[in-house]
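Below are two complexes that have chain A in common, paired first with chain B and then with chain C.
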Partner chain A sequence: MSEVKYFNPRSYSELTTLFSQLPKGFQTVAGTTDFIPAARRGVKYPVALLDISKVTELREIKEENNRISIGAAVTMAELVSNELIINQCPVLASGAKSVGSPLTRSRATIGGNIANASPSADTAPVLLTLNADVHLLATDGTTRQIPLAGFFLDYKKTARKENEIITGFSFPPPGPAAWTRFAKVGQRNGAAISVANMSMILKKDGDRCDDIAVAFGAVGPVPLRAASVETAARGTIFSDQFITACATAVQQDISPISDIRGSADYRRHVAANILARALTDAFAQGGVK
Partner chain B sequence: MSINITITLNGKKKTLAVAPTQSLLSALRNNAKAKEVKDGCSDGDCGACTVLMDGKAVNSCLVLAPAADGSEIVTVKGLGTAEAPSAVQESFVNSGAIQCGYCTAGMVISATAFLNENPDPTRTEIREGLSGNLCRCTGYQKIIDAVANAAKKNHSQGE
Partner chain C sequence: MSYKDKKFRIVGKPMPRHDAWEKVLGNTSYAGDHEIPGMLHVKALRSAHAAARLIAIDTSAAEALEGVEAVLTAKDVPHNETVTKFGQTHTVGGFEGLYRVLADKKVRFYGEAVAIVAAETPEICDEALKLIKVEYEKLEGVYDPAEALKPGAYLVGEDESNLVCQYKIRKGDVTDGFSRADVIVENTFTVPQVDHAYMETECGTAWMGEDGIITIRASTQVIEHFRGIAEVLGLPQNKVRVIAPMVGGGFGGKEDITVETYLALVVYKTGRPCSMVWTREESLICHGKRHAYKMHYKTGVTKDGKLVAQQVDILSDAGAYVYLSPWILLYSTVKAVGPYDVETVKVDSRTVLTNNTFASANRGFGGAQVCFGYERQMDEAARAIGMDPLEFRRRNYLHQGDAMATGRILENAVETEATGIKVMEMLGEKTVSDKPNIVIGQGMASSMMSYGRMTFLHDTSRSYVSIELDGSVVVRCGVQDIGCGQTSSLASIAAEVLGVDMEDVTVFFGDTSLTPLAGTTTATRMLYMSGNATLKAAKAIRDNLLDKASKHLAVPVAELDLVNHQLVVESAPERNMELEQLVKLCASDGVELFNLAQFNAPAREFMDFTSGQGQVFADFTFGSHAIEVAVDTDTGRAEILKYVACYDAGQAVNKLSAEGQIEGGAVYGLGYGAMEGIQYDRGKTLNPDFATYLIPTSMDVPEIETDMIESGGGLGPFGAKGLGEPSSVPSAPAFVNAVCDAIGKSINDLPATPEAILKALES
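Entry: the complex of A and B
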């Protein structure tokens, strides 16, 4: 244990300069809100820790060429209070706000939430509905950018290679005409891990659903886009049958398991409910929003 | 391998030799002898270990000690003294918000950070703001009273 090396670069250039010294088998950490509890449960410490939480460039939120980019080390608390996110993308502020308590949010990063790849990660469905890309930097200096939709491979398995660090995420802002919702059902209010969560971005024209993106978490091995719901909803006129059709379609998209937080049947029920409620609210609220 | 870190603890510079895998909680209690910081679960669940790190309330058990290098740490002792308590500390005493006291150090830190950002909160906001701090004794009502009263007092003394 005491052999573990620790690196905490303060800038992107310090980070890349370190690469030649990083031993194979190093692990990137940020807020350590997942890492420390896992280590306490017996997950082995790596040979070296690369703490990216103080890398200035990875703490930025900015808009460039009509894309919003968010550094991996941005915390949930920063997402909740950032003007650009609140104005352009409130659904992400809402997802971030649902992560744990203020104590967790002041440390927990968006990069850690996605890298950890828990099926219940609350920012995952939001980033999926935003069609976000994940930006990766390898220790040989190469970078790549892949859609988040292709990042989660299986339970806690991602497309990130061992020598890759997540540097951030980018996506086109959904625009002011989009109706958005983040919904989460936990075991109790406050710092509860999701039994099911959902993000929805919907564009409508009167009673018609012009376009929709829906994603769920904690109802399958990975956070997922609800393709059947999207197909059923797109181009359809809002009605009771429309709600029923979507609530039925979602059952094909999800594959929940039973665990201490809830049974598979309960999760199916919760997923259908939060979906139906969001669709009902979206069309009940009139106007463009 | 131990790492030397320098922190400012309640206004005083301290250099501590920590292990890379040690938590800030352990470094504060064992290396800096700041026993006012409590260890309830070491797992991020209870908030007993809450300190201000660069002005933000964090679970010190979930911070790696080396990650605190260069940071300003404030514990409940840094907020005020028995003779000159902070408004929040005084309000906890006057509102009867302390029973066994185990949660109090963390609760007072969370309340202080919360009020800095939400000077005029509702009870619901206070409840959410303190949701990372558990108390087994008080049933929370008096703690919420204490925070609400401290907010009121700040207002009546305000600019």
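Entry: the complex of A and C
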């Protein structure tokens, strides 16, 4: 057995001080809910683990300058119970609540959910529809902020460089006028991995769809914004044809595969169905939310 | 005999189990909790192919690794192959079940143990496993039982055919039966292999005593495998001892040998104590599964709802080794038409070797598969003639005194109809959906499931009961307690008969050297068999006590009773005596305060295999489940709104445990119905962990409402029947029948996943 170096900083300054000691090929971890199962499946251990789960500054959720920012080490359980998130952005709480089981939610972090870049990550479509930015910190001390929309490059590949860690996310709150939904299709109720998931943020003016953001997960190599659906929906008056047009458009946006959890055909079906259901509900329910 | 049946103090009441607190507090020591100073860790090298010839195994590098004590392959096993003989049921004569400790010459399934390593730490074991070089010649293999039956098919084993065995049942002439039918309904049903998914994986420790005896302390349902282990090692049977501590779930998966022979072999070779704990992946890949079946049902009914003919064809996938496949198939064959009186019956069944993981015992033992077949078919037939499913069943249920298709007269209580009526009453009116994408359906299923082993096995159990000088009671019985209250129920019985409380009874169990052999904890037989043996022993002591008291007090035995630690004199309460006092009186007069009793189950010879006529089982448990589901037409997800179940328990010994059995059975069967199934790619398991092999979580399990009829008509103690297996059998068909009712379409394959439901909806 080869030795694995383990670093466990408690603060941002401890973290940055560590950078000089980090060997090349280190891996950042937090809740390890993806890391441990992968190691069990035989994925090789890295030379060093940087555990950021105890970094105080990365565990904060706050609102500044009309942007909500969430530290990478915030757990799913914290997102579910955080007042700010519940009030300003319930769709994110809903996405986080659908991750795994209580056991995993108390460990799994939002940073890890995005860094792992699984197509089925439940917070990914939500953050995509929130137009979130990813905040990155490199071991040379430089920082950068990029839109999440450009972060997922391919299956399990992201724009994060080897020497970068995700420190958090920020986004403008969708506002009280927005109608939001997170929908998940899993094979069972508890501890389910998404066969398809969807986040929607919709602003309407009477029967008209003023603005819409829709994103899907587990229906392609990466979580994705449904551009064709958004184009078809934006500015359109709600009707049966509108629903049909959106449900048709989504097929161009997604490219599901068949795997152990479901067939491509099933994923195409349910993606269209949960989209149509959300749009129908959005316009059927008077007022907002 | 003054024992007053039915005036129970303990039996039939909801009593907390005597082992409950220790389990809840985490104090119970399971097999995997045991550590022995200096013990070796044992791991298996598992085949990377489902079908291959073993050309060479080079263990030298692994043996040279520091910390490795032994690397063992087939050549190191004194008797690597042992054979169980099954009897005359093969077309070409008797057939044999081969048990092979380590793969030799030919690998039959993915994950078959090829070598074992014993080392100082589990990590060194892992390193050593990587250093073993195995040269395989990959073979094509066969993965589908229908393919395996074709002439020229790849041969899984060394025989000239992959067919393990076949059975038939003939009652009347089905051609004539079908000619009298108004409607004929024909369907093919498939059910997949499923796992037991117990919390505790296969594990144990072993050591050699200073007396040279090898002891294996393992998670097992069968301590009597000590005989088989001795045979493998070439030792006399009295030199091998097996202990079963509390087991963290069995469900049939620990009926066959798992870790025992590997542990014994390492002790035999090294003289050192050792431990083996299988990973979840090993458990899912390597131990026996419930058989996958393909079943064809052709049913003839009249317009007024009478079953006039049923023709059933069963094809079972035995997997890579025979194990218990022949017996399981016999269970299925006998129960193929369920608890119904069908005028003419023709059943043909076969089980066939393939290169999938071997299949063996799993709760229901062949009963669950056919229940899905006959109960789906009952709903389809009811729909075909436009009759209510319960009404249709009521016109066909077997009753006491009726004959099964095998000609066997059901002489004991048969309350299926009462349970069927009860569950539909409990389910109530169908809920009305208030959402456009939600459709609601109701479904039921009834079943008959044997308790007790097949009568030609001449089953026995033994139990020893004694009363100590302070009035406390000891039971010694070689039961394996797999979590269902096997020992607790014996405490209830002894306490009831001897007039003490459950806490006053200590049950020593599961040790081939110290507790009288009680047989396997399988086949829903433990309460029936060991309960009867314990009852017999306790009654004998009671008789001795009352006899002594009668003489001492000059009061007839009929007026005496043992209640709450007292000898009660009904005619003269002032003469009551403390139990302790009576025991001391007996002890000083040399009255026997112990008894070793044996209970023999009714025994029969083999059934007539040419006609399928005869008796195979002592008795059956009858019951029904009913379910209401809400199906989401967007996603195919089926949410259970209501779940009810009712059984004739004969006599519940512990009401809480009995209810727990029914609830547990419902959940177990629900996984089978809704989500479980081992998936293979040419014999390789594709879902070897709990992230991919799905079982119901607490979020998926509804409140389960249970009810019991207590006919008193069972063969167990106080008229009890068994609930362990029966309680899980009708769950899957009840679920699928409810889904089909909701969507108005048929689903004939398990599991009925959301995807399968959506597909059916859109067909």
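Convention: the second predicted complex is superposed on the first by the 285 of 289 C-alpha atoms of A that agree within 3 Å, B and C clash if a C-alpha of one lies under 4 Å from a C-alpha of the other, contacts with A are read in each partner's own complex, and residues count from 1 in each chain.
Rule of thumb we're sticking to: a residue touches a chain if its C-beta (ideal position, glycine included) is under 8 Å from a C-beta of that chain, and two chains touch if they have at least 3 such contacts.
Model, not experiment: these values are computed from the prediction.
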Give one of first, second, both or neither to describe whether A:82 is in contact with chain B, with chain C, with both, or with none. neither
First, second, both or neither for A:262, with chain B first and chain C second: second
First (chain B), second (chain C), both or neither touched by A:185: second
Would you sort A:277 into first (chain B), second (chain C), both or neither based on which partner it touches? second
Who does A:170 touch here: chain B (first), chain C (second), both, or neither? neither
Which one hits more chain A residues, chain B or chain C? B
Counting only touches as set out at the top, which of chain B and chain C does A:37 meet: first, second, both, neither? both
Between chain B and chain C, whom does A:49 touch in the aligned arrangement: first, second, both, or neither? first
So in the superposed three-chain picture, is A:197 touching just chain B, just chain C, both, or none of them (first/second/both/neither)? neither
Can A:228 be said to touch chain B (first), chain C (second), both, or neither? neither
Please write out, lowest number first, the residues of chain A touched by both chain B and chain C across the two complexes. 1, 37, 40, 101, 189-191
Can you list the residues on chain B that touch chain A in the complex? 1-3, 19-21, 23, 42-45, 47, 50, 56-59, 61-64, 66-67, 69, 110, 113-114, 128-129, 131-133
Hey, which residues of chain C end up touching chain A in the complex? 123, 127, 437, 633-637, 674-675, 679, 686-687, 689, 691-692, 694, 696-700, 753-755, 758-759, 762
Across the complex, what residues on chain A touch chain B? 1-6, 8, 29, 31-33, 36-37, 39-40, 45, 49, 51, 53-54, 77, 100-104, 106-107, 189-191
For a test of understanding, state which residues of chain A touch chain C in their complex under the given definition. 1, 37, 40, 101, 185, 187-191, 193, 195, 260-263, 266, 269-270, 273-274, 276-277
